[in-house]
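Okay, so chain A shows up in both of these, paired with chain B first and chain C after.
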Partner chain A sequence: MILVLLVVLPLLGAIAAALSGRRNAQLPRVIALGTTVLTAAVSIAALVQLLGDHDAMFAWSYTGEPGMVVFRLVGDGLAMPFVLLTALLGIVAVLASWKIDDAPGAHHALLLSLQAAVTCVFLAGTLLLFYVAWEAVLIPMFFLIGKWGHENRRHAALKFFIYTFAGSALMLVGLLVALTYTGGGAIGDITVPIPADVQVWLFWLLAAGMLVKIPAWPLHTWLPDAHVEAPTAGSIMLAGVLLKIGGYGLLRVAIPYAPEGFKAAAPILAGLGIIGIVYGALMAFAQSDLKRLVAYSSVAHMGFVLLGISTGTALGFAGAVLAMVSHGLVAGLLFLLVGSLYERTHTREIARYGGLAAQVPRWATLFTFAALASLGLPGLSGFPGEFLAFIEGFGEFGWWMIPAGIGVFLAAVYNLSAVRRVNFGPLAGEWSSLADASTVELVAALPLVVAIIVLGVAPGLVLRLTDPVVRGITMILGGGS
Partner chain B sequence: MPVWMINLADIGWLPAAVAAGGAVLGMVADMGGRVRLGLRLVSAALLFASLLCLARAVVPEIPDVSSVTQVFDVILIGNGFSGYAFVIYFLGFLSVGTGLISVREASRVGVAALIALGSVAGQVLVGAFDLAVLFVSLEAVALVGYALVAAGGTDRSDEAAARYFVQGAVATALTVYGLAVVVGLGGGGTGFSGMLDGLATLGPQAALLGTMLLLTSLAFKIGVFPFHSWAPDAYETAPPAAAAFLASGLKVAALGAFIFLIGRAFGPAVLSGLNPALADTLAPLTVIIAGISAASIIFGNLVALKQTSVSRMLGYSGIAQVGYALVGISAVIPGATLFAATYAFGVACAFLSIEALQSAMPEWDGSVAGLAGAGRKHPVAAFALAVSMLSLTGIPLTAGFWGKALAFLGGLEAELLWLVIIGVVGSVVSFGYYGRVIRSLYIDASQEAGESDGEESVAGSQSATVWPAVVAAIIIIAFGTIPMVTGLDWVSIVFGM
Partner chain C sequence: MSLLAGNPLSVVALPFALALLIAAGGKKFVSITQWLAVVAPVAAALAGVGVLASSVPTAAQDVAWLSQGGSVVTAGLAIDNLTAVMLVIVGVVATCVVVFSIGYMADDDARPRYFALLALFTGAMSMLVMASSLVTLFIGWELVGACSYLLIGFWYRKPSASAAAVKAFLTTRIGDVGMLLGLALLWRVTGSLSIPEVLAAAPEIGAGIVTVIALLLFVGAAGKSAQFPLHIWLPDAMEGPTPVSALIHAATMVAAGVFLVVRMWPVFEVAPIALDVVLVVGVVTAFFAATVACVQLDIKKVLAYSTISQLGFMFAALGAGATGAAMFHLTTHAAFKALLFLGSGSVIHAVETQDIREMGGLLKKMPVTGTTWLIGVWALSGLPLLSGFFSKDGVIASVLHAAPLAGYALIAASLLTAFYAFRVTWFVFFGSYRGSAHPHEGGLVMTAPLIALAVPAIALGYFSAPFMQSLGHEAEALDPVVAGVSVTVAVIGVLLAAALYRLGVDRLETERTSLGPVHGVLFSAYGVDSFVTRFLVAPLEKVASWFYEVVDRKVIDGAAEGTAKLTMLFGRLASGLQTGETDVYASLLGVGFVVLMSIAIWLGR
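Moving on to the complex of A and B:
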């Protein structure tokens, strides 16, 4: 029941926000904030329930009455970190779009329905529900980019939709194939193993949609456009949560259903991950647009996620989950900051900034903090996940990890150079009356900062949740570690 | 449920009689100059007929036996066909319910009566268990189709109707040849079972030729590649309310007949059980249908991408949509019929919204770009149009998703992975043009947001014609979301075969 609430609450809030938007511009914001806070409270309650129930850590707890074939929700240790992340970023996204005046009712309604759809992806207990929720994510995102985005939004919205739809349509074929072979609609209900020769191509069909979402090089080209054109709240949700459903899908569906296919594909996945790490870092370094820089850094970070998954070990999987949660927090913070700066300056051109540390100290401090977290400073959340992925990758693929190591170095280069170019140096004259981060923005940033530090110091919080599930996956793979 | 109601719903020919009677009464009212009354009579009759069929499909107390007539084999109702008949009658009801504003006033009731008679012919066509019945009802459906296209009353629609008619005549001739081979050279039996016995006595080539000629005529009516060329012109020039029924009710009837003909007579599953020798002879049919399906999907999608007119785009995309229906045609699960029904609701909803938008915005030229701002000025009709576009794409939470998912599942069961992949790639491409409509409606609106909202009052006065589009949109969403909780069983009771 509590899991159903996680999906239904934001939907109810969306309806309320849409209806209230006709009368009053302030009301939908308050409703949206209230709904997201309430949803976060419910998800914490769900976490407590999961921690209290030891079976739930090992078995797949589920809600749903018998006979309900499609709508079945499962919240286990793999899903819960992402559900909590979604709930947290939902609050941040609402706060980040506090100043939107163009149809705030519709905006917040879309934001809340996006949150409901994403939560439903993480909690989906059947293959069909997984796909339905996966695609349902696209509709609100399409409108968020298209209606509230920046200059080139018309093109970006359609490109985002078609590009990701292309991947997920192939994934649908994969899901249907899995359905015809296993017969059971529930995820993980694999009574009859799928023949090994089928698994080889089935894995790629399933992974097609997920690799586009992650996004893995060379399927990433939709991401910079979508990120740059999306409104701030859209970017936060896109980078923070939407990319994660790709990695989550690999762990939850693609690998359990096609373990043999995964084993065959693992070296290729690792290669794509390493290329993504280096390519994303180089591209981020080359950007003159601050938002594009953050977008490309996502490609690099998600490369580590793909690398961690491709190792096929429990620690590698755990590292991937950790890296995803961490990237959700860090990218959310970075997009929040970049968005708030754009709101004031109406430019994203890095060359036009400079010396902001003196003018807007609170903003600059947060930005420096986010950049340090992004480059993987030990003690902050970016470090443990990527470190685990790297170590496990070294064990699995040996010296092929050298380019990934260079990528780690490059991450420091582009992050620090961005901080230097934006925060330090002489202050450009046009920003002499620039206002510092507002209270709303600070309130939005605070939980992210806290979470980044907590996860950096105590990554075991997430690992403890994911451990039983990733062990289960490695048992399917036949390895065990 | 009272006994008399069960008895009422048990009369197989009742819906057809009600609909035809409504058509006649409407014409009588029209003779007295009472156009609105005539339209109401026809739409009320269609609604009653559709509810009779629905009751027959869903109420468990009503015995679900086929009413097969003595002389010719027709299943009027029962065995799940009542659900399909419900779809046809209900779509007719929605089309007439718009008030047919886009049709000249003098011929409004006439068009309404044609829609009612077309629904009757459609029900018979779907239930045909006999080649003679199939042929006669197919021609009746085709005649209604020609007349609906011509109802536009412009030179262009006259030309489109004439072209449609000439091409239809060729298809009819092919059917007659096919009948000559299958019935004449065979045993002379026109019933499906007698026909199969006759085919078995023929030489393999003759049997294959006869069947292919028969299927060609149906292929023309459903408008698959390469028999599609009438569709875009017809959809574009017909009045939108008439096109709504042409593209949905008549199409779904012909598609149903095609699917059931394959399923009942030529399907590999049927044949291999009854007549293994014939199964080998007709084996190429499966390959040919798969090829036609792939060609329709590729051609329809690529050409639809280039269209600027919404109706013409729907015409080309309709070719692709029929292609998806054929993907799952040879499977046991009811994917193809379910897909046909969901497609019909999607395309009907689209044309009904176009009808509403056209009467609300007389200056609109029918182009996709011309829809810019409609989402703000005419929110209700625009919402229905957007829902129909999502459903036609096959996005989850709309009925179109279940249709496509089950059609593709059927394709996988028939081991046609390559065809299914063509189908999903086609669906992705299709958002290139369906999505453009949504973008025009909502996103391009904000670029001219400064425009005065003074036209709201105009929209309000015309909104009487919007409700059929809204009803269709609600059905699409309901069929898309409710099965998430309840499962698809009840959906296949309504739409199964």
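Moving on to the complex of A and C:
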């Protein structure tokens, strides 16, 4: 029942926020914050329940016709890290949009329904629900970008929608094929063995939608546009959680249904991942727009995720999960900071900043911290995942890891040059009365900072959860067709 | 003592906690909390002494840091004698540096940040040297790099400081990528990253692969220890506060590369080709950096190139297979170079410039700084009786034995060492004062650390035998021939410096003209820096923006947007067919039928 709450609570909050927004501008914010905090509390309760269960999995099903599962939510060790991440970023997103005056009721309603939809993707226990939730994510995001975005919001919103929708359409075909082999509709409940030759194209069909979402090179160009135009909360959710459903889908659906197809595709996935690592970093370095820089850094980070998955090993999968959770935290923090800076300066042009450390020390400290986390500094959350993807990738693909190593170097290049150009040097004259990060922003940033450090020091917290599920996936892979 | 020695984790955790406390205390409490920063290195030193005194190594505390599906990457800490020696070095130098900083940084607004970072550095450095797993080592390795970055850029308003900070991090990061590849290869070959396990497996690894592993690890070491051509960051790193240079960029972090090779010795031992590379790089660096140091006008730049050169001596010893000699030189160098850096800090604090042309006659005005500085350069030059004489002698003897030609190059570098050391000394401490400040000693917090460091700089040389024994080497007697030769060249160097500069301060001005084009080459450190900027940094920016403008926007995004436009175009064309005229529809139906039938027939052949 607790899993249903995780989906329903934000939905109820969304309705309340939408209704209250007509009377009062402050009310929807408070309702949204209350809802997200409550949802986070419920997620933690779910986590406690999971840790108590030695089954390492608990589910809630609604069974309609005999033998046909209509609605099924599964909270296992693979889903829960992402559910918790979503819950945390949900709070951050609400706090980040505290100052939005343009229809706050609708804004928060959309944010909360987005959270419900994403959580539902992670918890989905049937293929149908997985697909419905997957597509449901698009709608609130589309409106968030289209209405509350910046100058080019309409184009970006449409591009985001069509691009990912085209990918999902292919995925739908794949899911329908997968469904024909699935008894009762529950994910992974494969009753008829899928022939190996079917698996080869089935994997690519399923992966098509997921690779767009991750996004894998060269399917990434919707991302920078969407990020730059999205409002801060939209960017936080987009980078923090939405991209993760791609990697999650590969682990949850595509690989278990088409293990042979995955094995055949693995070198290509690794290639796309490695290209993404180098390419994303190089593109980030080329940016003059701070938000676009962070957006391209996502391409690089998600390249590590794809690389980790492509290894097909337990530690590789673990690395991918860690890298995803970490990227959710780090990109969330970066977009929060960049958004708050934009709110004050109305520019994202890096060249116009400079020396901000002297004027806004709290903001600058957080930004430097986030940049160090983003470049994968050990001790912070980015390192363990990328390290695992790297060493396991080397185990599988050998010296092809050299370009990935160059990517590791370039990550330092673009992050530190951003810090230098924004924070260091003499203070740019026009910002001599810039205000430092507000209390609301600090409250939003603090849990992210703590989580980044905790996960960097003790990645085992997540790996302990994922271990049984990852064992299951590697067993499917090892078992052959 | 045994409490700390028995719990390596506390030696890491304590400094981190202190860093947090100092940062949290802020400006209000910094006059109290700055003293907390002393506790961290003292703890490290005590842990080291504890192990050395009892000569019982602390067993590894390993944990399964990353584990999934039965595969495990362990992390862990342990203290053996090698670690203990490093801990004592780190602890003693850091203690002196923190105390010195309390005087040196007294007027700085950002002291909480400064002392918090010093504490953080101490913890990270302790983690590096105590690591019993290569993952732990790498974490410490990167964290000291991050502390170095943040401390070089401490005065971030200065564009040169922030540029130097970035350069330092990026240059060492190149080495780190090599090291990361080395770890990945070790992981693939041995299935472990635990240091004892990896070292035990080393002899069984194929000769080719083990050579590659050793070389990759050495790339990491060369980046950290500023070996040619990855040395370019260290001279720039002098933008940081001078005590930081003493701690991080002279005594401890930059020596981590040497430590890494010694720690991973069984891997290097079975890779003779890799050792040859280490030897050549070490000798080239030692000689090259010494020549550059001869013409610098910035007191810290001289010391920076001197550090690069001395690290080259250590790597040369490693290449010759003499780990004991390398470690001994590392130890004495830590003492006398930290002393010299703090001495230069004391001078800079007094005269408010780093340009040696604006100094002079400071021995009389600053007797403690002057005297301890003389001890430092005496040791550095390898003149008899002080520590540097003994350790450098060991290095040169071992290299001469392994590769005579390389040995001669080191002897030449020794001559240059004595020359540049005394060149600076004459200009700073002798003659008459040429600047406009009122130089004076900086108080007890600044002079006491100088005196404290002068003691090991003098005496360490006499503890060569127990030092070697504690690291499991046989104590070697001084080679009288080598000693004679190296003393002779050192004396020649000193006399040459005296002859050229002692009597005429104006000689410094004519240095440029009398050396001609050679001066420019030396002064710019052979132009390696501008080469890198011109042929690596600038192209990278161009490549990045070309890829963005052309590949990303035009090709990839163009394809995506183009597909959308094409679809819209088809849509418009198709909608043009919707005329509502039935004869058009009927004829289209006919065409469609024919096409479909043809396909069906073709498929059913």
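By definition in this document, the second predicted complex is superposed on the first by the 463 of 481 C-alpha atoms of A that agree within 3 Å, B and C clash if a C-alpha of one lies under 4 Å from a C-alpha of the other, contacts with A are read in each partner's own complex, and residues count from 1 in each chain.
Here is the rule we use: a residue touches a chain if its C-beta (ideal position, glycine included) is under 8 Å from a C-beta of that chain, and two chains touch if they have at least 3 such contacts.
Because the structure is a prediction, the values reported are computed rather than measured.
If we overlay the two complexes on their shared chain A, which of chain B and chain C does A:153 touch? Say first, second, both or neither.
first
A:190 in the overlay: touching chain B, chain C, both, or neither? Say first, second, both or neither.
Touch partners of A:190: none, neither chain B nor chain C.
Given the touch rule stated above, what does A:102 touch, chain B (first), chain C (second), both, or neither?
A:102 contacts chain B only, not chain C.
With the two structures laid over each other on chain A, which partner does A:5 touch: chain B (first), chain C (second), both, or neither?
Neither partner.
A:355 in the overlay: touching chain B, chain C, both, or neither? Say first, second, both or neither.
Touch partner of A:355: chain C, not chain B.
If you stack the two complexes on chain A, which partner ends up touching A:162: first (chain B), second (chain C), both, or neither?
A:162 sits against chain B and chain C alike.
After the superposition on A, what does A:19 contact: first (chain B), second (chain C), both or neither?
neither
Taking the superposition on A as described, I'd like to know which of chain B and chain C A:467 touches: first, second, both or neither.
Only chain C is touched by A:467; chain B is not.
Counting residues of chain A touched by each partner, does chain B or chain C come out ahead?
Ranking chain B and chain C by residues of chain A touched puts C first.
Looking at A:372 after the superposition, I want to know if it touches chain B, chain C, both of them or none. Which is it: first, second, both, neither?
So A:372 only meets chain C here.
Taking the stated contact definition, name every residue in chain A that is touched by chain B in one complex and by chain C in the other, in rising order.
Shared contact residues on chain A (touching chain B in one complex, chain C in the other): 162.
Chain B touches which residues of chain A in the complex?
Going through chain A, the ones touching chain B are 67-71, 102, 128-129, 131-133, 135-136, 138-139, 142-143, 146-147, 153-154, 157-158, 161-162, 165-166, 169-170, 172-173, 176-177, 179-180.
Spell out the residues on chain A that touch chain C in their complex, using ranges where they run on.
Interface residues on chain A, with respect to chain C: 159, 162-163, 218, 220-222, 279, 282-283, 285-287, 313-315, 317-318, 355, 357-358, 368, 372, 377-379, 383-384, 387-388, 390-391, 393-395, 398, 401-402, 405-406, 408-409, 412-413, 416-417, 420, 423-427, 459-460, 463, 466-467, 470-471, 474.
Inside the complex, what are the residues of chain C that reach chain A?
Going by the criterion above, the answer is residues 64-71, 73, 135, 138-139, 141-143, 146, 149-150, 153, 156-157, 159, 161-163, 165-166, 169-170, 173-174, 176-178, 180-181, 183-185, 187-188, 540-541, 543-545, 547-549, 552, 556-557, 559-561, 564.
Which of the residues in chain B come into contact with chain A in the complex?
390, 395-397, 401, 405, 408-409, 412-413, 417, 420-421, 424-425, 427-429, 431-432, 435-436, 438-439, 442-444, 446, 449, 483-488
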